[in-house]
Structure formats: structure tokens, C-alpha cells
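Labels run A, B, C and D following the written order; every chain starts at residue 1.
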Amino acid sequence: MSSKVASMRDAVADLVRDGDTVAIEGFTHLISFAAGHEIIRQRKRDLTLARMTPDLIYDQMVAGGVARKLIFSWLGNPGVGGLNAIRRVTEGPGASLEMEEYSHFGMVARYTAGAMNLPFFPLRSYFETDLPKVNPLIRPIDSPYGDGTVYAVPPLRPDVTVIHAQRADAEGNTQVWGLLGCQKEAAFAADRVIVVVEELVEGSIIRADPNRTIVPGIVVDAVVVEPFGAHPSYVQGYYDRDNRFYRDWDPISRDAALTDGWLAEWVHGLSGRAEYVAKLGEERVTSLRPSAPAPSGVVDYGEYR
Amino acid sequence: MSSKVASMRDAVADLVRDGDTVAIEGFTHLISFAAGHEIIRQRKRDLTLARMTPDLIYDQMVAGGVARKLIFSWLGNPGVGGLNAIRRVTEGPGASLEMEEYSHFGMVARYTAGAMNLPFFPLRSYFETDLPKVNPLIRPIDSPYGDGTVYAVPPLRPDVTVIHAQRADAEGNTQVWGLLGCQKEAAFAADRVIVVVEELVEGSIIRADPNRTIVPGIVVDAVVVEPFGAHPSYVQGYYDRDNRFYRDWDPISRDAALTDGWLAEWVHGLSGRAEYVAKLGEERVTSLRPSAPAPSGVVDYGEYR
Amino acid sequence: MSEQRMPAPAGPASASASGSAGGFSRTEMMIVAAARALAGQRVCFVGVGLPNIAVNLAKRTVSPDLELVYEAGVFGAEPARLPLSIGDPTIVTGATAVTSMLELFGYYLQRGLIDVGFLGAAQIDRFGNINTTVIGDYAHPKTRLPGSGGACEIAINARQVFVIMRQSARSFVERIDFRTSPGNLGGAENAARIRREQGWLGSGPSVVVTDLGVYHFDASGEMRLDSLHPGASLDEVRATMGWDPRIADDLATTPAPTADELRLIREELDPDGMYTK
Amino acid sequence: MSEQRMPAPAGPASASASGSAGGFSRTEMMIVAAARALAGQRVCFVGVGLPNIAVNLAKRTVSPDLELVYEAGVFGAEPARLPLSIGDPTIVTGATAVTSMLELFGYYLQRGLIDVGFLGAAQIDRFGNINTTVIGDYAHPKTRLPGSGGACEIAINARQVFVIMRQSARSFVERIDFRTSPGNLGGAENAARIRREQGWLGSGPSVVVTDLGVYHFDASGEMRLDSLHPGASLDEVRATMGWDPRIADDLATTPAPTADELRLIREELDPDGMYTK
């Protein structure tokens, strides 16, 4: 089986196409800012961006001009405020960005229906809310057992899903610990999958703990090794969430010119993530390392011959 | 938080009631024969027994007279043959055991609907098969997106689910590695849950690797510590499947008198699992240990203060 | 958004607030009152923002056995610090269980295992219906808010819903601009019928804690002021609500924050004042 | 159930079976032919019984990169021994991924990631429709068989279905007693339409390997004998089928098992003869 290891530049160039529906998933944890920046850098256009929480990465991508539409369930900078670049193109009469909105469970259910090749997924949300009125894809469905009505959401099948993970082998067998979000569902739902990892490991490391594998190589098209590729998001056991960055983004993103300047300096002005990390500086990087290790312990699978 | 640790005798006496729907789950792995034997020993009656694969444990329980009905998806002794005690009460004009039959995915979907409090779960199985004709609970449902019909199964909500696991803490926070089957879904779907473990561990062991937890104590009513409680089924890393037992059961179970004799000797004649293990003998037990350890490796969650 | 600190109040409030030391802000009072409302609760779903600090304070005071559930997929979190976001590595390390969000929303929340869902809101009406989606018209909003996140499903499936929010004429409104999360709908009778018919496991909104007081819901399903915070007046309450509020006959005064509560907020949970300034 | 061993055949079969040593049983021939059919396949869903040994033989011979998927929740199994059951600790240790059965059936099988589903059967008809549920009437069966297990969903969702079973007048029948797993239904045209309309990702049955020969499906969706095993005759084939079988114009003779294939079966995979005796 051949290696799928690729550079971020090649993976994005080969696998992300103008007009695609792209999901860079990861719920606060493991958000691939490195992939988002590369998509901006390569000036992809007319993308439909799907994410439960668009977060700063989609604020930057919308500011970078790659997006036509957002599919989401919570639009904000958690604990800080709004996503200001997105607000500029969604508020008032000049709103230009198309929006398709769900709740968190609705988005998870959409990915799950995609991952399971189901025509819909049922859930108890939405009844007596205004969400189905503004999103005609949220539809009522009667239980075939005569016990009432629930709502359904349709499958979400991204053209490309990007997930970040602690580690994978060269075939793309991928392991994650800490928050899992809906990364597994988003990956299985997609046509093409890019996995970005902190560390490339031997297959034997993966196979020593098969219960830890969340995505098998069979659904993965490219493995990109990009340490610190999730910053300012975080990677459990590797680095902390850079809350300072999340706070600093607020005043930058409130001003279109400052935002453009930031993109020029930190995205277009850099060749990739390695330069980004160098520019961030040793001190900042070091300050985000965990204060101490917290080892999982070992379990024994046993040899059975 | 108080300890839920109980003896098998007390757990079964308190939590399993005549007429209950009982699911002893575990797909080949982690089947709680100890709980099944205690239910026979306490002469529970009129149980509806749910399991994907009834396996020897339900053959024994049916022979022991505890069952009124089976809910299942595959009825056999894998690689050996049929379940003969069950065949005696399901074949021919004198069939007395009620049967409700699904496919594997249908059973998993039923537990999942129960675990998610959904009125139904959709799946692509059953179309153009005879299963919906003989099980009216398998019903067609139209996609609300106009793209065809799938089938639905109703939630399965056992009164009691019993799962076996490698380890839990005294509150019932339970960890499993190796085959997971549908134990998580069966536990979350149930009203009452008994967890049987090889080892009782401190909460700190559980919390060192939270991604390994499959069932939280909040849904668990009793924790029973019963080493070797899954024999002749197996526990990954602890002991092997006793294939000899599975083969030996075939001739025993073909003869009603031999079957009764076996139950008298190995169930009614013993006070519990400790005596069963002693009677099995040191040599048999030792022969089932893994030939060598196969450690998972350690991952680091990191301290974040 | 910095708030004026007020001196510890004189009179009954001060008497009951034993150990209250020096002044406290209205935001601090709100957080403390919300935390206290969690006494006796077992499993709490923690929302982003003010609920996050209130629930973490409760776990350190009135409810040490509280199981914190984060929608990110954590059950039994033991955060060593107060996270800025509700997804943070500190809620994972040392937690009891980490699951996919499918399982968290399906097997925990929709299954009915959450005793209290703790939400913030941008707009609320007298029946506890909540808007966190838009101010103004949906297609061309005046203000685009975050949207539901998990709020819609928490409102439907958590056994009880607690709300924490500052009150103002713009937030406590006669008619919310968008119903993101159902409360008591048009009244208790209607809400109870729909919850029963739909098989919802939740019983809807239970407590609303603001910077001025604590509300519960009366038999008609409408919000009723049961406790006024020290330093707040009924005139202030009326001036910051879009309807004429129901007020309990035996209106209480909220006991002021204790020294320990204030120390936990200021020194341990929010030393940078992200939540309280 | 022990079978008579036959001498290595003379003639063309023998010529092509280079390395074939001594005799082999019809069951061994069937397992070997089934394993060879997996050449070039990537992801195989392994059924209980004969499929289990055939797939494990393929991985050791024609298809070393084959990813073995077990419905118990294993992707990329590397079993160190041949398990008696399809759930066994040896399929877990060293595997690529272990998942819940919900995910295995939902995210892998129903999602269309399985190239070949390998099934056994008690009854099959000319269109590859399969019965593993009952012989006789469902309510009062003459013989109660295991039922679907995962077979129904494998038949619907795997890209192709391979079947391995001994043939007899009782198993190759004009009309199966119960349709557990759909094949080409009443014919290829009908089956293709239903598969398209229903959004099924599978294209149905592809290969049937018996103790007498190897069948594929022709344009009408009916089974056609393409290769006869050495030592088997067309008379035997006809005597063990409930319909008049279609036979390829260029009917081949199956190359006999090689010495290596026989050694793997006898010494490594099935030393106790659980599958072959």
C-alpha cells in the first residue's frame, strides 16, 4: 500500500476545487488553520464552507474571499464575541454570503447521515422553533409507529473534509484523543479527505491500539504532516488553545483593512505553516506547551496465536 | 458518590424481575455468562431475552426455563452449528418460544434508537426481503427529501442490560477495549444496567484515559466484580475464547436430559462464578491466558492549568 | 463593558450575606446567584459564556458532586482552570468520559440524562422562549447572533433549563425576533401538552438569573421575580423588561456574595476578568 | 461430514495446477477457488464459516493487501490464527481499527466502503437470492437456520457479493423458502432498477463458489457455470440443482489446489479440520 503523505500545498491544490463544499472540522480542538490558510493562499473560489462552529478560521477564509456560502450551527468567537468578517457580509441589506443554518445536533446528524449513506437523519430538535421556517431542508417526518412527529435533516456530503489529528500512519490510518467533535462523521461523509497530523507514525503504533483509530486510511486521500498546524486552536497533549490569539483577532477583524493586512502578513506573505510557526516565535510556541504530562496508562490487548 | 459494587446474587435479585426484557449483550466478546447463570439459578421467569446473537448463554437460559420470547438477529453457535435447546422449542408444530427477528444492523439500530430516545431508526436493509413480512415492526418510511423509501426499526429499551467489561470504578464508569459490539448502545437504551468486570479500579485509572470510557456511571445501577465471568466467551487481554467449550456444548445441547444435567451440575449445583472457576480448574483457566502481552502504548493528554 | 462596583448593601441583604467582604459587581452577583441555583443538581450541561463560570463556581461551592457535561463531548469534566471557550484541553484531562458529539447529543442529552441545561440568551420573552439567532429580520438582520449551537436541543431535552443573562429592554422583550429555543411557548398548558405529545423529556425553563434578580416560572408558565439582588430596585426591573413583570408576593432579597464566592471568581476562575469585566 | 479425498486429477487440470501435491478434498477445492476469486480485491467483509477460511487463505496467497472487515467491528484485521468464530481476540490484536457495530454497519458497510461481501447460504436460487432463515414455513419451520446476521445488509450494501456453499438439490433450489438477502431478485433488469431507485451502492451477487464449480451471473442476472472443479461432472452439477443450469460455452476446469494452498489450509489455517472435515 502506497504512502499518501503530501505537502499541504499539493494536497490542497489536488483535492480542493473551486465551487467545492469544504468541511474543515474539529470542535474547538484540532481545527486545521494550516489547511484554511493554504486554501486562502491558493485563492480558491466559490467554496461552500461547512462547519458546526465557523470559528476564526472561516472568518479568515471569508475575509480571504474564498467562500460563497456557509453551512453552520454556531457562529462566534467563543467567550470573546462575534465573527466580524462574516458579520460584515451577512448583516444589513447588503448581505452577500449565503447562509444555511442548523443546530449543533442537526449538523452532527447531517454528517452522520452522510457517513451512513442515509437519505435523512431524525432528531427531536426544532419543534416549535423558527429554524424550519428559515431552512426548508429541516423537515418534519412522522414516526411509522404512530407515536408522533420528529424533524429530519438531509445528509451532508462534503466534497472535501479536512481534519487535524495527533497522529496517522502513511496510509492515513488516524488516531485522535481528547475531543472528537464530529470529525469521524465528517470524514466518512466526504468524497475526499485530507488528514493533517502533528506526527507521522509507523503503522505498528496505530495497530498497537486499534480502538484509538477514528478514521481508516481507506477513506483518506492525503496525509499532511504539519506540526502546530492547528494553532491558534489546540491539540490535546501537544499544545494549548492560544486564547490570546482569539482575543487579539476581535479588534483586527472589526476593521476590514486591518483584516486584509493580517492576511497579507500571516497568510499570503508566508509560504506555509513552517514559516508561520517561525514567525510566531519560539517563546509563544513554548508558552503553549502543557505544564506537565498526563499519561493515559497502558492497556493490554494480548497476543492470541 | 456512593459505591455501586454488589454481588452478582444481589444485583440479579434486585434488578432483574420476572417478565422483564433483558439484554445480555456482547458480540462474541464480553458475554456475561456469569449473569446468565445467576438468572437461571434464581429461576427468573417469562423473560424476553434480547441479544444480537443468542449464543450459548441464551441456549442455556432457554433450557433453564427463564425465557418467554427471543429478540435477535443471528441464532447459532458460530463455526459449530445450531443452538439446540432453542431449536427444540422453535421448530415444528409445537414451537413454544416467541421469536422477534431482525438483521444485525436492525438490532444495532433498535438499541441506538433506544439510546437516543428516537421513535425509530432508519436503515437501508430489508427491501425486497421477507423479513418485514414476518416482523410487522420493520416498517417502510419515505424520505422527506423525495429520494425514496427506506425501512425503520423501533427503539429497543431493555428493562435491564447486562454488559461485561475489562474494568470499571465503583461508580460504574466503565472501560472496554477490543470488540465493542453494541454494548454502549444497549446500556444507554436500558432502564437498569448491570456492569460485570474483570477488575474494579480507582476512578483515577478511568480518568487518566477518558476516551476509553464507553459507559458512564450515571447509567449504571450495579457493578459486579466477577473475574472470568465471561467464560466461555472471552475478554481481550485477559483470556481467550474457549472454543472447546463451544464445541462440547453441541452434543450436550442436542439431548434434553444431558442439557438438564449440565445445568444441574454447572449452574444450580454451584453458588456462583467463583465455584464455577474453581470447578473449571487451574489448568483450563491457565490455558486460556494470552500467549504474550500486546501493550497499547501510552498517549499523553497533558496537564492544562 | 466594565461595571461599577457597588458597596456591600446595608439592611437585610447584608445580614444574610455573612462573610460578604467589600463590594461586588452586578455581574458577580448574577454569577453567584446562578451558581447557587445548582444546589442539589446532579448533571449539568454547560453553555458557553456566563453559564460556564456559574457552573464552575457551583462545582467549587454548593454542588461539588455536579457532573459537568460539555457539548464538545465531555462527561464529568474536572477543569483545573476556567476555560475561555467551552472546548478546551482542560475539560478533557481528568474527565470521566469523552465521546463523539453524536453520542453526547444523542445518548446523553436527547436520552434525558441531563438534569439542567444552562443557557445564555440574547432575547427572552415572558414564557422563557429564547432567541440567540438574529436581531431584526432573518434574511437581512440588524445583528447576526451566534445561532442555536446546542441551545435548541438543550431547551427541548434537558430535564430543566436555567438561563443566565443581563436584563435590558432590548433583551427582555414582549416578542422575540426569532425563536431559537422553545420555552413555555405560549403558556404552560400549551407547552405541557406539546412536550407530552412530542415525547420530550424536558419540562422547559425553570430559573432565570439576571443582574437584577432571580425568576422562576409560575403555574401559567410565565416568569415571576422571586428574589431581587441587593442594590437592585423594582423600578430598575420594570425599566428593563418589555412587559409588566409578575412579582412574587413574598419577594426575597438575594443574599450577597460571600467572601469565598468572590475570592473564587476573582482569584481562581476569572483572574483576567474575561467574564466579569 | 468427512469427505473422500480424491487423487490429483489427470489431464488439463493437473497440468495447470503446478505444484499440486497428492489428493485434495472437494471442500479444499471450494475454499481454494473462493480464495482465488478475491485476487485484486481491496476490502472484504468476512462472513462466518467457509467465507472465513477462504478470505484468510486469500490474504495469505493471491491478495496479501486485502483488508479484512469483520462485522464484529474490525477493519484491517491481521489474525495470527484462523478464528472458529468471526468474533475472536485474534482479529483485534494488531488490527488497524476497531469500532462499534453501529459504525461498522453504518460508516463502513452502508456507506459503500466494502468491495466484496463474502457470504455462506443454506438455500440459493438461480438469481442469487439467499435464504439463511428457515427451511419450511416461517412460523413452524422444519429447520430453524441462524437468520440474517449481517447478510441482509451485506447483500444490499457491499459493492459485490461472493457466495461460498456446498451444492445439493436441497440448497440450489428453484424457489427459496425465505428471502433473507436479496440477490438479482427476479432478474438483472428488475434488480438493477430497484438498486438504482433505492440508492443501493451494491451491484448484487457476483461469484458463487461450490464444491463442484465456480459460477458468475450472466446479463439476465442468472447464475452460469463458468468453471468445473477437477473430478466434478456436469451430471453431478445437474443432479444437485433445482433448475436446469446455464453452462458457459467455454466452460473451464478449475486449476487444482497448489501444494502451498493445501499446506496453508492443512497446517496453518485449519489444523484441526474444523472447516474442512
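Heads up, the rule we're going with is that contacts are C-beta pairs under 8 Å (C-beta built on N, C-alpha and C of every residue); 3 or more make two chains touch, one makes a residue touch a chain.
Because the structure is predicted, anything quoted here is derived from the model rather than measured.
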Item to complete: Work out which chains are contact partners of both subunit A and subunit C.
Response: B
Worksheet entry | subunit B and subunit C: spacing of chain centres that average the CA atoms, whole Å | 41
Worksheet item: CA centre of subunit C versus CA centre of subunit D: separation in Å?
Response: 60
Discussion item. I'd like the Å distance between the centres of subunit B and subunit D, where a centre is the mean of that chain's Cα atoms.
Written reply: 29
Discussion item. Quick check: what residues of subunit D touch more than one other chain, meaning two or more?
Written reply: 74, 88-89, 92-94, 98, 106, 110, 157, 199
Worksheet entry | Residues of subunit A touching at least two other chains | 112, 117-119, 123-124, 147-148, 150, 177-178, 180, 184-185, 208, 211, 236-237, 240, 290, 294, 301-305
Worksheet item: Looking at the whole structure, which two-chain pairs count as touching?
Response: A-B, A-C, A-D, B-C, B-D
Worksheet item: Tell me, which parts of subunit C touch subunit A in their complex?
Response: 48-49, 52, 71-74, 83-89, 92-94, 98-102, 105-106, 109-110, 133, 138-153, 156-157, 178-182, 185, 194, 197-200, 274
Worksheet, complete the sentence: Seen from subunit B, its contact residues with subunit C in the complex are 1, 112, 115-119, 173, 184-185, 188, 203, 206-208, 210-211, 213, 216-219, 301-305
Response to the item:
The answer for subunit A against subunit C in the complex is residues 27-29, 52-53, 72-76, 78-80, 82, 86-87, 90-93, 95, 101-106, 108-109, 112, 123-131, 134, 147-150, 177-182, 184-185, 234, 236-237, 240-241, 243, 246, 290, 294
Worksheet item: Inside the complex, what are the residues of subunit D that reach subunit A?
Response: 42-43, 65, 67, 74-76, 78, 80-81, 88-90, 92-98, 103, 106-107, 110-113, 157, 199, 201
Worksheet item: Quick one: in the complex, what on subunit A touches subunit B?
Response: 117-124, 139-141, 143-145, 147-148, 150, 152, 154, 166, 175, 177-178, 180, 205, 208-209, 211-212, 236-238, 240, 290-305
